[in-house]
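Each of the next two complexes has chain A plus one more chain, namely chain B in the first and chain C in the second.
This part shows the complex of A and B:
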């Protein structure tokens, strides 16, 4: 591999790599604002300018490719002075009110100001101000905090494939906004806030709900579709505050769709059933675990059973169900369900040109690999159904007229179709493996403690298997 | 007073405009006929010999620039004429387009042939509405007479020419800002490399030349590179130059003189008959408003690229702004800085934030609210902009501030200490 010298160290680089990436590979951070590895290079914030031997002017590290023998100084006096000056320019108009800004704690401008800026300001001029803009359901804009890095503009046109963010006017009056102030249209709007290096674009669903330094970040995988985008769940005190994309250059790069990002809300819905329960004509009646399991077994006793598993289950859960079936209901048939119209991976396909796929569950491929076929319709001889799902799979239609027991995550209105419900765990409350559409094995990780009386599937199945049913049902 | 041969100025009148005049009195389109029979490399060699240095402001050798264009290209090549003429004080290209449009058209046909382009654009500043119309009419005449279009003068060479009007932005005079604007995008300079000769208009290899540069090309082809080079008195700077003199002189206007044949003093006092009202000279800006200013005792300098560069300023677009003793230099700098702040495209942090900041400080000083520390701060801010932006607009804004504050410090201090403009 070719080598260059950065800060006196010999650094290997891949041809075509810019100085920011080459330096990063050697553990040297060059401060930056407008550069983003997933977007085109515009070299306009000027923060990453570095000194290069034999070049009279500073060169922006984002737009300069590493070259054999190049000698780069990222901490020379000239470089440091420029960083200080860029910080001063950026803060000439930026409000100095970090304590009340939601970005505080994860703000590039704040971090770089601490590292490379001055504690004192020389400006006495009135600051440039703009009106806030409500940009639709996902994003709110505070233009006063914008540093004109244009990452959002580039994200829109280059990744989301929609030119909805634009620069209006010019020079000191430049405003970064949507065309005519219209609401954002993309299904990927949350990324605008992720890549915003300041508190200019924030997510309405998250802003002012939690200071970011309190958040515990759990690396996991999105369960929103079969793509398997890598993301982090950010939780505090057993509550999810947000999900953000996690870099994976082979799957989702740096991005996450809004559907996946905001999918977690069902986990914390108030009407989620967290106790074992049975259905009576008067409605749901909460039971203890022992009697619920007895009731469930009794409900299915003597019936010709089919087991329907959601393709939102993990491989481990699905394997446990298969084992459970072999041992206790070996005559039963077993099918998977998840997305209306998607019976197998053959039906699954990209939904757009970015990330989304048609299968709205994460483990369709995994269940198929375990030999489970898709559920199309109830055969006439089936008289009892055991339905097991995470929380994402869409319940199959046209399953009336048979006895049903449900295990997993259900909302109260969904629960009424079952005689007995045994509450299970959502994707955020368990560990496990899923296979994305291309067969990539990935781990989802537990971010939350099990809520209420909900239990893991293997524990529920074990209780089911081990409990004597001699005392019968009530 | 030294006289020299001139190429343009004798034709700066309404009579010269029609094609008939151009053909009869100026041997119009014979240079193109000659060039289209020459090997392309010979044309470029002739341009190199001519020592033509680009007349837009940067003074880059034109022959060398043409030589950068790749011989083979998958994408179409383009020749673009920069007729944005946006540097304050510059008004020479306007006269060429207004009075001898066919000279420019012929120059573009030759240039297009030399670099292998079959389409040319004249990007003209939005304010030049009349000139845009005149150019359109001249181009129409040239098409009808077979000097443009398919199989030009029976040589088999095709060349189309389109006039594209700008919408009024200084930054579109910067060649990559111009190319973005030409493509229908925001007029913002591009990251270089790639340079336009590699990837310019619509991604194709592109040469961008100033009006005066291209208008000289037929002469160079007709009379030879050596002849053109010898019109200038200095090495590596051939031809004549159109000087645009404005401000407090008795006879402002466009002057054409051999490159390197006059000093600023001769230009101001001999050609322009001295300062209005016979007042004293205070300052001279020698190359458009972005050029660092000179004081009255610095004008015994040859008005050309190298001599001016040696004393820390530049010839730029050869727009000489003359300031008499009774005009406030702080007010002048305020006006200049306001212009650059207004025209900054807003991409680069130092230019976007710094130009406005400098404007605010200078305005404060001019109005008597300046502070002792303001001058040091102005020098610091301008230094933080200079050389630290994508394009030269930052430098254009910083240069005047640095030079005015350094050379006329007493005037600034008088404003600050006196609490008002002494001239007010």
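This part shows the complex of A and C:
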């Protein structure tokens, strides 16, 4: 591999790599604002300018490709002076409202100001201000904080494939806005906030909820569709505050769709059933675990049973269900369900050209690999259904008229169709393996402790199997 | 070997020694300056830097606090709980601002961390009660001490 010299160290790089990436490989950080590895290079912010030997002027590291024998100085006096001036220039109009800004703590401008800027301001002039228009339900804009890096404009046109953000006017009056002030249309709007190096674009859903430094970050995988995008759950005190994309160049690069980003809300919904319960004509009645398992067994005793597993279960859970079926309901048939109209991986296809896929559950491929077929229609001889799911799979239609027992995450209105409900865990509360559409094995991780009386599926099945009752279906 | 010193009759009575001791007691009791004060009626003046009960500062009736959460971040006792919200006249303000004084160690770091000069420690040092509740925002806004 060719080598160049950065800060006196010999650094190997792959041809075509720019200086920022080459330096990052050697653990040298070059400060930057407008450069993003997933977007095109514009060299607008000038923050990454470095001194290169035999070149008369400073060169922006993002737009300069590393070359054999190049001697780069990222900490020379000239470079540092430039960084200081750029910081002063950018902060000349920045409101410095970090105390009320949601970005503070993970803000590039803040970090670079600490590292490379000056602690004192030399200006006394009024700062430039803008009036902000609403940008739709996902993003809250605060144009005063903007440093015109145009990352959002480039994200829209290059990744989200919709040119909705534009830069109006010129120079000091540049305003980044949507065309005609329309609300954002893309399904990937949350990424605007992620890539924004300042607090100009922040997520409304997360607004003022938590300061970012309190959040514990759990690396996991999105369960929103069969793509298997990598993401992080940010939680504090057993409550999820947000989900952000995690870099994975093989799958989702740096992005996450809004559906996956805000999917976690169902985990904390008020009407989620957290206790074992039975339905009566008057409504739900909460029972304890032992008696509800007896009730569930009794409800299915002597019936011709089909087991429906949601394709949002993990491989481990699905395998446990299969084993449970072999040992206790060996006559029963077993099917998977998840998205209406998607019966197998053959029906699964990309929904758009970016990330989303048609199967709205994460582990469709995995359940197919375990030999479970898709559920299309209730056969006439089935009189009892055991429905097991996480929280994401859509319950199949046309399953009325049979005795139903549900295990998993259910909302209270959904629960009324079951005779007995045993509360299970959602994707944020369990560990497990899922297979995405291309068969890539990924792990989801527990971010929260199980809420209420909810239990893991293997524990529920174990209690079911071990509990001796007179009904004796097992 | 311990030798016992022979004493006279007067010395055996210790009367002179007792009177001598009482003289010192009386001198201190009647003529020396007093170090105690009559507490509820008289108050001692503490230094301006004394760290007593917290209060929230307000400017023109609007609390200075913007719920930036720097005080709960720096608080070693984790006794400050803030919930942020938005209202028309203020982009970010504390909907809830509670201090659990039972946990507070009066280190004054919240005061030091505050960028808005909002949370302060007053000179109020009489905080004993028969029961103690968490002090909420309204209470803290009303406390001023002698500042």
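Before moving on, here are some points about what is shown:
As a working rule, the second predicted complex is superposed on the first by the 470 of 474 C-alpha atoms of A that agree within 3 Å, B and C clash if a C-alpha of one lies under 4 Å from a C-alpha of the other, contacts with A are read in each partner's own complex, and residues count from 1 in each chain.
Here is the rule we go by: a residue touches a chain if its C-beta (ideal position, glycine included) is under 8 Å from a C-beta of that chain, and two chains touch if they have at least 3 such contacts.
Values in this document were obtained by computation on a predicted structure and should not be read as measured data.
Room for both chain B and chain C is found when the two structures are superposed via chain A, with no clash between them. Across the overlaid pair of complexes, the angle with its corner at the CA centre of chain A and arms to chain B and chain C is 100°, in steps of 10. Applying the stated contact rule after C-alpha superposition, one finds that A:57 touches chain B and leaves chain C untouched. Within the superposed three-chain model, A:1 lies out of touch with both chain B and chain C [touch as defined at top]. Contacts of A:213 after superposition on the shared chain: chain C is touched, whereas chain B is not. Looking at the superposed arrangement, the partner reaching more residues of chain A, out of chain B and chain C, is B.
Shared-chain residue A:44: touches chain B; no touch with chain C. With chain A fitted onto itself, chain B and chain C come no nearer than 27 Å, counting C-alpha atoms only. Under the contact criterion defined above, no residue of chain A touches both chain B in one complex and chain C in the other. The touching residues of chain B, counted against chain A in their complex, run 169, 171, 186, 191, 341-350, 352-357, 360, 377, 384, 387-390.
Chain A makes touch with chain C in their complex at residues 98-100, 104, 207-209, 211, 213-214. Listed in rising order, the residues of chain C touching chain A in the complex are 66-70, 73, 84-86, 91-92, 115-116. Of all residues in chain A, those touching chain B in their complex are 41-47, 49, 57-58, 63, 82, 85-86, 88-90, 92-93, 122-123, 125, 147-148, 150, 167, 169-174.
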